[in-house]
Amino acid sequence: MTPQVLVDGLMSGALIGLGAIGVTLTYSILGFANFAHGEFISFGAYATLLVASGISALIVGSDQGIGALSISPAVIGASFIAMALTAGLALALDKILFSRLRGKSAAISIVMASFGASMAIRASLEFAFTSRPAYFSRDLEIARPIGFSLRATPDQIALLAVAAALLIGVHLLLTRTQIGRAMRAVSENPALARVAGVDVDATIRFVWAIGGALASASGVMLGLLVQIRPFMGFDLLLPLFAAAILGGIGSAPGAFAGALIIGLGEAITVQLAGSEWRAAFAFLVLIVVLVVRPTGLAGRPT
Amino acid sequence: MTFDLIGPIAYASFFLVLALVNALVCLGLNVQWGQTGLFNVGVVGFVAIGAYASALLTTPPSQGRLGGFALPILVGWLAAMVASGAVSAFVGAVTLRLRADYLAITTFGVAVVVQLVALNAQGLTGGAFGVAFIPRPFDSLASTPALYDLANLALIAIVVVVVYVALERLARSPWGRVLRAIREDERAAMALGKNPVRYRLQAFALGGALMGLAGAIGAHFIGFIAPENYTSSLTFQVWAMLIVGGSGNNLGAIIGAGLVWALWSASGLIIADLVPASFEARAAALRIIAIGVLLATMIVVRPRGLIGEKAMVSRHLDKE
Amino acid sequence: MSGRTPLLIVDKLVAGYEPDLPIVNGASINVAASEIIAVLGPNGAGKSTLIKAIAGLVPISGGSVTFAGHDVTLTPAHRLIGAGLAFTPQTENVFASLSVADNLKLAAGVLPKTHRADRIAAAYETFPDLARQRGLTAGRLSGGQRQMLAIARSLLVGPRALMLDEPSAGLSPKLVEMIFATLADIRQSGVAIVLVEQNTRAALALADRAYILVQGRNRHEGPARALTSDPMVAALYLGGVETEGAP
């Protein structure tokens, strides 16, 4: 095993973390595991791809990578639009599907509805873009030494910084702002939150928007580092759930810590057993957490 | 051989065998979801476990792969039920005392990991190439495909009927009544001294064992298995079958399986025949979209979840 | 009925979690500024459901709620606090996972931004115990401190009426005395108070008027002193005897 797993592990941990925060927030506030969250990731990546190609057709040269990065201004601009679009997708799904079931049916039928939605969105992406992988850039990047005998590509370093900034931003949002307090309040006790003057419906919409936007960011990063496929988000779903449960449902810092553990564990698994066994690690973590400490690292008893 | 008659018979029995295999999976899912309310998102994983377990035990010895014990087919079937039932029991033991979603997430994980093992554990599962030379019942008739298919059809029809009758009797037994009581009013059942977790666990393991049996029967009929036969779209299909047939209802599960399998096969034929090859993958995606939308719409249209067997329950109670 | 114009008028309210199963069945109450009314009755009489329905937490299927001259029957719960009608639930009335300060900051959200800090500072002045514990997670407060935080949170926005669901439940007699003394102070500042209580004697001692609910309807009402001395009321509701109203 080489120290290089640290770079790979941090990177995949950051990707998982961005998705897992959305999973943990919607889970704790709406009370169900959203199986369509993986599709938000894929949708964000494809939306970025589409918008970026539009931008580069309009603005000559905007598809050239910035400096040493393979990331172009077109992709950066498009990723913001895609975050808004994915937030819109999450809100639309809530409006046409989940909100109709809220409070009326058992939580498990909402899980099932999300499962159906997940299939439909994923197959729609397959229909529109086929299952052939797509790429933001054909440039081949070379990993450079970054000290401590570690190597990383400029893209990896830039994306790690972006992911860290996003995660810190979410943490500040949750702990320091009124909407953040409202989200935590709704997650603990929706009835009391209403009595305290919190507009629960608006808070739920905000949670969907945040979850969708972060998932989209995760999808763009995954697309930049690996490739874009209709199944990219679906394949990430198990690590997302495992990270959210490991961290303790409802805890954003917990989800992020869980994601880092799973990211590093996956990197080690890849080193020891080969990349084909990557997904098995998340399952192992899931089982161990459910057996040993189902409330997770930061979890409060439910 | 006259093709004008034999061909259609062979095709019809081939189609029916696979429909009945699906019906068996669907019956297993009905025990879990329809009768107990347990949400299994990894149906395909439990089917695959059964298929591989039976294949490993019954195939002739093979180089570079574990197993190949050339045991009788019936032993393979039993082993398939035990293997899938045991994995189900394990998953249930880990998750059933927790939130309902955790079972769903874990079964999803099982399907992912089973696919991973099937694809990569070459020494056990043959990897991407799968396992070939799985002994087929009535193999001596293989030279006459129509006869072979008909004989197999009869065999699996018997299995499905036996399972159906057994499940119906089970539903009316004290065990089935407790299961219903737990689902309708968990607290009242607990007050009567029934442990809901134990009953759910048994139901989940039973459903898993049936899925495993279906996997084994399918594997022995085709004679060959590979990871690509066990992708998540199978899970979706079985769910669509149960929903169309009406969950909670064993006969409905069988009819739903036949109906959805017919639609699925027919649309597959149409796509293969009429749709240009360049568009085939996309047309296949449309089928999945349709199932996903169906699944989500049914849940909204029938707000009491999909547990639509109220009439079934009262009918049982009337008879008692 | 006191001579003042009532601030909150609840007229023949019908409410319950399921439309065909009303728990409150035609109850009417009213309260004026600077007045304390007690809503009493046996277990299952619908007292709690009545104020939860007024607060917008239980669906209303008949009757009306008028607050400060406006019909608020169908106003969503989260708008009522901004309109000046506050409610303190019986249990789980603070956010246990939020700090004391965050509980108050959350409640201040309905105020204009410029007023928030001042109001929170004023709350700490009224409840110095909370000021000392402001960094603590509310789940770690003692029972009395929690009740104080719940009341402080309800009062933060300066409501004109405050409804409390059994504020004395589970507290020692000494703490009950303290809470009720606080309520008396609050009334002095002009706030109308609706008190749902199981602790009938203490409530009647504090309240100006009282209503006794049975099976979701008014059974008795009148000045608190008169009810205390009414032998039938005393026999039925002050002796802790379960009556035909309990399901």
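A, B and C are the chain letters, set down in written order, and residue numbers restart from 1 in every chain.
Rule of thumb we're sticking to: contacts are C-beta pairs under 8 Å (C-beta built on N, C-alpha and C of every residue); 3 or more make two chains touch, one makes a residue touch a chain.
Keep in mind it's a predicted model, so treat the numbers as computed, not measured.
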Using the mean of all protein Cα atoms as the middle point, what chain has its own Cα mean nearest that point?
A
Measuring centre to centre, with centres taken as mean CA positions, what chain is farthest from chain A?
C
Inter-chain centre distance, chain A versus chain C - centres from mean C-alpha coordinates, in Å
43
Distance between chain A and chain B based on Cα centroids, please, to the nearest Å.
32
For chain B paired with chain C, centre-to-centre distance based on mean C-alpha positions, whole Å:
56
In the complex of these two chains, what residues of chain B are touching chain A?
37, 39, 41, 94-95, 98-102, 104-106, 108-110, 112-113, 116, 119-120, 232, 236, 239, 281-282, 285-289, 291-297, 299-300, 303-306
Sort out for me which residues of chain A touch chain B in the complex.
27, 32-33, 35, 97, 100-101, 104-113, 115-124, 126-127, 130-131, 234, 237-238, 241-242, 245, 274, 276-277, 279-280, 282-283, 286-287, 290-291, 294, 302
Please name which positions on chain C make contact with chain A in the complex.
55-57, 76-79, 81-82, 86-89, 92-98, 102, 105-107, 109-110, 153, 157
Residue positions on chain A within touch of chain C in the complex are 178, 181-182, 184-185, 188-189, 191-200, 300
